[in-house]
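The block underneath contains the structure these notes are about, expressed in structure tokens.
Chain nomenclature is as follows: A, B, C, D, E and F, assigned in order of appearance, with residue numbering initiated at 1 for each chain independently.
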Amino acid sequence: MKISARNILKGKVKKITPGSVNSEVLIELPGGLEITSIITKKSVESLGLAVGKPAYAVIKSSEVMIAVD
Amino acid sequence: MKISARNILKGKVKKITPGSVNSEVLIELPGGLEITSIITKKSVESLGLAVGKPAYAVIKSSEVMIAVD
Amino acid sequence: MKISARNILKGKVKKITPGSVNSEVLIELPGGLEITSIITKKSVESLGLAVGKPAYAVIKSSEVMIAVD
Amino acid sequence: MKISARNILKGKVKKITPGSVNSEVLIELPGGLEITSIITKKSVESLGLAVGKPAYAVIKSSEVMIAVD
Amino acid sequence: MKISARNILKGKVKKITPGSVNSEVLIELPGGLEITSIITKKSVESLGLAVGKPAYAVIKSSEVMIAVD
Amino acid sequence: MKISARNILKGKVKKITPGSVNSEVLIELPGGLEITSIITKKSVESLGLAVGKPAYAVIKSSEVMIAVD
């Protein structure tokens, strides 16, 4: 499946913090960057996410803001 | 100002494509990564964005999805 | 690629309205339902979207609201 | 009240999974489709949602992505 | 229609800036506050929005970030 | 830091409802208005949010819908 989301960043799962409905997933990217994601607990299970496994952070471009110092 | 958005990635502006109401801004991150953002044309102006200038991509963690191969 | 977004609805492209940066894409679903999507013009091109072609509407569950009469 | 969100899909509540702050609501649409929504627990209460009751899934078009095989 | 979005702020339309697919709508709230919204041009038309008319800004709580100085 | 989000509303924290992964934060604005936000529990901690403290509600304009009676 190819998706319209313009930002698809490859990394690996660094940490999963499960909640009651949502879980927090930390993805480690190349260059020392990290991305935090909140997805449903069911998605964590259905994707088979686990620490150390490769995964992509996917972000629709309309959800990305820009900031300057 | 310190914001609750968990993802604040430092890079620099690589390209700006202006539209009528929204503009597309491409941010170059360390490690060869790139992030595309859609913000209003007025925000591009009020932040003084220009190619080559440092800028942050800011993303609320609830907007980040995860994918696997 | 398998994505965490819980809502992946199969249909076909009914109409594409191009703008300057964003385009509007209308997806026809089974049962007479329709879904309108705003994605970037570049995504319309890179996905090769065209009227009549099969496509999925993909929606993160945290973006879905509920209403009652 | 009439809202700008372009996607208003009529169905009925199939399942409610309550969390601590957010709850997951599954809406059954015509044609066998289903939509999963994450809304606050307080909204589930204030709307009086219950399994079997009619409800709409409401989605802003800028939140809908498109995918192809 | 009653919606799950927790933030429904009553005001009136102060300005509409039409684009090719999206339009920018400025809502004036009590207390001198203003809210900027980007919705589709078609929604501006179907809601019959016009400067001076009463309107609500509607925001899902998961889309609201918090910042401090 | 200056951000592209067009809606930055100054108020103070009225209530914090912690969940397992996300927390609900209620901001009181001038003119008697209130805004509800869902952010991660970690963000509540890292921002040092507490009842009575000044805070901003920050909303990207593409996340704001409009409604009429």
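Here are a few things to note about the model shown:
Just so we're on the same page, a contact is a pair of C-beta atoms (placed from the backbone, for glycine too) under 8 Å apart; a residue touches a chain by one contact, two chains touch by 3 or more.
All figures in this text were calculated on a predicted structure; none of them were measured in a lab.
The chain pair with the larger count of C-beta pairs in contact, out of B-E and E-F, is E-F.
Where subunit B touches subunit F, over half of the residue numbers in use are shared by the two copies, so each contributes mostly the same positions. In this assembly, the C-alpha centroid of subunit A lies 23 Å from the C-alpha centroid of subunit F. Separation between the centroids of subunit A and subunit C, computed from CA atoms only, is 21 Å. Among all residues of subunit A, those that touch two or more other chains are 1-6, 19-20, 22, 24, 36-40, 42-43, 47, 56, 58, 60-63, 65-69. Of all possible chain pairings, those that touch are A-B, A-C, A-D, A-F, B-C, B-E, B-F, C-D, C-E, D-E, D-F, E-F. Subunit C contributes residues 1-5, 19-22, 40, 42, 60, 62 to its touches with subunit B in the complex. Within the complex formed with subunit B, the subunit A residues making contact are 3, 5-9, 24-25, 27, 29-33, 35-39, 43, 47-49, 53-69. Of all residues in subunit B, only 17-20, 22-24, 36, 38, 62-63, 65-69 touch subunit C in the complex they form.
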